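You will see two complexes here that share subunit A, one where it goes with subunit B and one where it goes with subunit C.
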Partner chain A sequence: MKILSKDKVERVLDKLAESAEVFVPLSRANSSGFYSWKTRNPEKEQLMLETLNVYLSPKNVGFPQTEKMYSIIQSGTEAQIKETFEDSSPRIIFGLRACDARAIRCLDDVFLTRGYEDSFYKARRDNMVLIGQACYEPGPNCFCQAMGVDPLEPEVDIVIRDCGDKGYIWETKTPKGEELTTSISNLLEEKELKAPEAKAFQTQVDYEGVAEKLKGMFEHPIWEDLSSNCQNCGICTYVCPSCHCFDIQVKSWGEEGYRFRCWDSCMYGEYTAEAGGGNPRPTTKERFRNRFLHKLEFFSERYGYPLCTGCGRCIVACPTGINIVNIINEVKEASVDV
Partner chain B sequence: MKEISKKVKEIASRLLSEGQVDVFLAWEKGNQDYLTRPLVVRSAEEAERIVFDEYSIHNLSNYLLKFRDGNEKVGLVVKGCDSRGVIRLLEDNQFSRDRLYIVGVCCPGMKDPLKAIKRNSGLLQNIPDDDKADKCSNCAYPNPLIYDELLGSEQEPNVKGERQAKIQEIENMSPDERYEFFRENFERCIRCYACRQACVACNCRVCIFDEMRPQWVGRENNETDNMMYHLVRAYHMAGRCVECGECERVCPVDIPLMLINSKLAKDANEFFGPYEAGIKYEEGSKPALSVYRLDDPDEGFM
Partner chain C sequence: MSDKCSCEQPLVPTVVEVVDIQDETPDVKSFYCRLSEGGVPFNVAPGQCAMVSYLPVGEGMFSCTWQEGQEYLQFAIKKVGLLTDELHAIEVGQKLGVRGPYGNGFPVEECKGKDMLFIAGGIGLAPLRSFIKYCFKHREDYGKITIVYGSRSYADLCFKEELFNEWPAIKDTEVYVTIDNPEEGWDGHVGFVPAYVEEINPNPQGVIAVTCGPPIMIKFVLQSLEKMGYSDDQVITTLEMRMKCGIGKCGRCNIGSEYICLDGPVFTLTQLKQLPQEW
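Moving on to the complex of A and B:
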């Protein structure tokens, strides 16, 4: 089997960065996320391959928080598109975990299937290679397995498996991965290593039947109670690797301008504000309910699997301690005859 | 602390069963030692869930905004900083005093549950295991300034002075250096608006950042729009921020928002003071910069 020894990781990243933008898990300014390897400040920022994961997901690589779409020029009553900013430059995400890889599959399904291909997402995604890292030791807030994700088999082009000091097992899974492996094969070794034993999950939750049960719970009093301490910020939606709502807006000056899209959050009142002044989700309860129904019911109905990948980030980030695992448990236990 | 927790539970239970309040705001325990979270209680039975412990850090006065429309009487627990939030809402006419039953707790300083969960998450490095939350190291008012019932023994202020020293350092920077300092910090902003949502002084019914026609602040996550968001919010905080520190505590990307708010509080005091926001409730009194007079000596304010 192919092995990447740990002292060669940086060389591999340097090599890959010659022909693509390589996003790696890095600590940065008291936080952490996937950042371009070329922008790393080695004095301040560490590669975080041996921690559980990073705080900000790799969602922004294929789906940036702000993405310029096209510029416009106005002449009289007509507007013309001056330039379109589809960005197909090659990108690699290195070291993403199975939960985040599943989240990218969610985005793929949303942006590329069911009759419409989003050309901006497609341009970025077509030239993207995913190098995933298998997880053998779930963290205190991890529950990916319960959401149908196999932490040992991320859905990616290449999987690396951390065997301690001896290095990473390097497993190529797809033709895209094959091409990348060939380009750095001189940095890999041929050796036999045994992958570590997977440890048990600390967080247990049973999602079985939840999507089905939620169908009859839209008006259930549980939402009032569960949402009562939500402060309606957008942290959960922005740290979430799979939340993908966006808004399209325009900036213009004189006869020029551009359209862009930017992440939006169903937690905001403005998200459902209507032109006539109405709002079908006027309070926290309706917004909160929508978010969890989308995660646990609506997406499952459309795509056959949930939109929550069990990464646990929202649990860590919520300022008021709202925990999606508790919500699943409460839904399970709720009586539906009320 | 256990004694206080027991008393809070008793008070809530009494107020709810006697019908003195319809709702009581306190805390309950989550599934970790360090997880204490806000709780909205509506019956004496539910009051059994109430706890008050060293992680009861959230400013519950912010939750009053959920009840401002309507006639429900609301009971709540406030620490010193939170009580200033209640005064903020009373001064802003967001609540009438007779709808409130305020249980004050003299606060010895809290620990931050968010820091604790982050430290144990495996997602972040080098999060110190501080004895007290950052905001509690800048506490000038540990004892409630408005209450109907007071628990615990009076506490000494705990102002370590680090924040003030940092403000001084920024004041001494050149304009370019200062710009760079804030640019670097605001660059990280993900525009989740958690700072606004956790803020009791942010009680506008329609926030300027949500207005669409006209749209005052762009939605792009870039230097210009992020800077615009934070500067506009800062101006709105001048003379209004009660320095509870919740904005900075909840920020998911660690932006030092209290450096801005405390600087503005300092300026409000120097220019229009002596003044500190929300330290004394007098019916009809208004925060500095909230008074409009036809004979204002400065035309700019007319």
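Moving on to the complex of A and C:
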């Protein structure tokens, strides 16, 4: 089997960064996320391959928080689309975990299927290679397995498995991965290593049957109760690797301008406000309910699996302690009159 | 061209020119748009929508009327906010962006052989009108056509020429018009649309009812139809709420697991009743 020894990791990243933007988990400003290897500050920022989930997910690599779509010129009655900005430059995400890889599959299903391919997402995604890392020791807020994700088999092009001091097992899964492996094969070794034993999950939750049960719980009093502490700050949607809602806005000055899209949040009132003044989700309760039903029921109905990948980020980030695991448990226990 | 956008860049508009603008009411204008070189950027089926983009201002989803052989797309747009205010201020010759068409459209084929009952309020006549015009173009394929339409006042009635002159003259067609409050010079019906429908009381036998208008009107019309014996399969409505991307990606127009822009905006009452009551 192929092995990447730990002292060669940086050389591999340097090599990959010659022909692609390589995003790796890094510490940055008391926080962490996936950032460019090439433009990191090596004095201050550490590679965080050992940390399970860095604070921010790699969602922005394929779906940037704000993204220019096209530029426009309007002068009097004349108007013109000047240029569109699909970005097909090569990108690699190195070291993402199974939950974040699953989230990319969610984004793929949203942006690339059901009748329309989003050209901006597609340009990035077609030129992206995923190098995922298997998890043998789930963290305190991890519950990916309960959401149907296998932490040992991230859905990626290449899987690396941390075998301690001896290095990483390097497993190539797809033709895209094959090409990348070939390009750095001189930095890999041939030797046999045994992957570690997988440890048990600390967070246990049973999602079985929840999507079906939620079908009958739209009007359930539980939503009033569960949402009562929510501040509608939207943090949970920003840190979530699979939340994909966006807004389209314009920036213009004089005769020029451009349209861009940016992440939006279903937790905000403006999100569903209509030009005529109506709003089908006027209060926290309706917005909160929609977020959790989208994650746990609606997406499953449409795509066959939930939109929550069990990464635990929203649990860590929520300022008022709202916890999706508790919500699943409460739904499980709730009594529903039939 | 098909009536589904198959373009490579579904979020990027095509530039069209406004070739005519008509005042429909004090706050509704019709905009006629076509490519500068002539023709339309895409075909639109009855009940589908398209995104109109006033390039530096914003985009909005509007129901769009087009018929085979027609050289322009027509949008009837009501002034309700920032974008529509700006659109109402433009003049003939203005270039705009459009993208689409979006949505499922009306089941025009399935309705063939049926009598049609169209019930609309205010600007809600705009989407129904594309279906009404389709029926008239294929007049032999449909039975009796009944149109019930109301607005706040006489001035607020859209498409008056068609409503009072063209449509009533077509064979086997009845047009009923009402306004909310009595008004000098108006000797037609006064009252709200749902009550007027009950008064007319069209027999449900072999009829498909199609309704669109303000949400509150739709709710009462649905109740009236139920009272008159219409089954949920006989009732169709169109919901044009809060669409943004138009292609089922941006998230905001969902009702349960359905996206209005993709799976709607046209639903039968049977379908609507299976969705969470969030419309």
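Just so it is clear, the second predicted complex is superposed on the first by the 334 of 338 C-alpha atoms of A that agree within 3 Å, B and C clash if a C-alpha of one lies under 4 Å from a C-alpha of the other, contacts with A are read in each partner's own complex, and residues count from 1 in each chain.
Basically, a residue touches a chain if its C-beta (ideal position, glycine included) is under 8 Å from a C-beta of that chain, and two chains touch if they have at least 3 such contacts.
A quick note: this is a predicted structure, and the numbers were derived from the prediction, not measured.
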item: Which superposed partner A:R114 touches (first subunit B, second subunit C, both, neither); value: second
item: Which superposed partner A:T77 touches (first subunit B, second subunit C, both, neither); value: second
item: Subunit B versus subunit C as contact partner of A:Y305, first or second or both or neither; value: neither
item: Which of subunit B and subunit C A:C245 touches, first, second, both or neither; value: second
item: Partner chain in contact with A:Y136 - subunit B first, subunit C second, else both or neither; value: neither
item: First (subunit B), second (subunit C), both or neither touched by A:F260; value: first
item: Which of subunit B and subunit C A:G276 touches, first, second, both or neither; value: second
item: Contact residues common to both interfaces of subunit A (with subunit B and with subunit C); value: 247, 249, 273
item: Contact set on subunit C toward subunit A in their complex; value: 4-5, 8-13, 15, 55-60, 80-84, 90-91, 93-97, 215, 241-242, 244-245, 247-252, 254, 256-257, 262, 276-279
item: Contact set on subunit A toward subunit B in their complex; value: 27, 29-32, 46, 48, 51-56, 65-66, 139-141, 228-229, 231-235, 237-239, 247, 249, 251, 260, 262-263, 265, 268-270, 273, 283-284, 312-313, 315-317, 319-323, 326
item: Interface residues, subunit B side, partner subunit A - complex; value: 30-32, 35-40, 58, 62-63, 66, 113-114, 117-118, 120-127, 188, 190-194, 196-198, 210, 212, 215, 218-222, 246, 249-250, 252-254
item: In the complex with subunit C, residue positions of subunit A that touch it; value: 69-70, 72, 74, 77-81, 84, 86, 110-111, 114-120, 218-219, 244-250, 252, 257, 261, 264, 266, 271-278, 280-281, 286, 290, 293-294, 297-299, 301-302
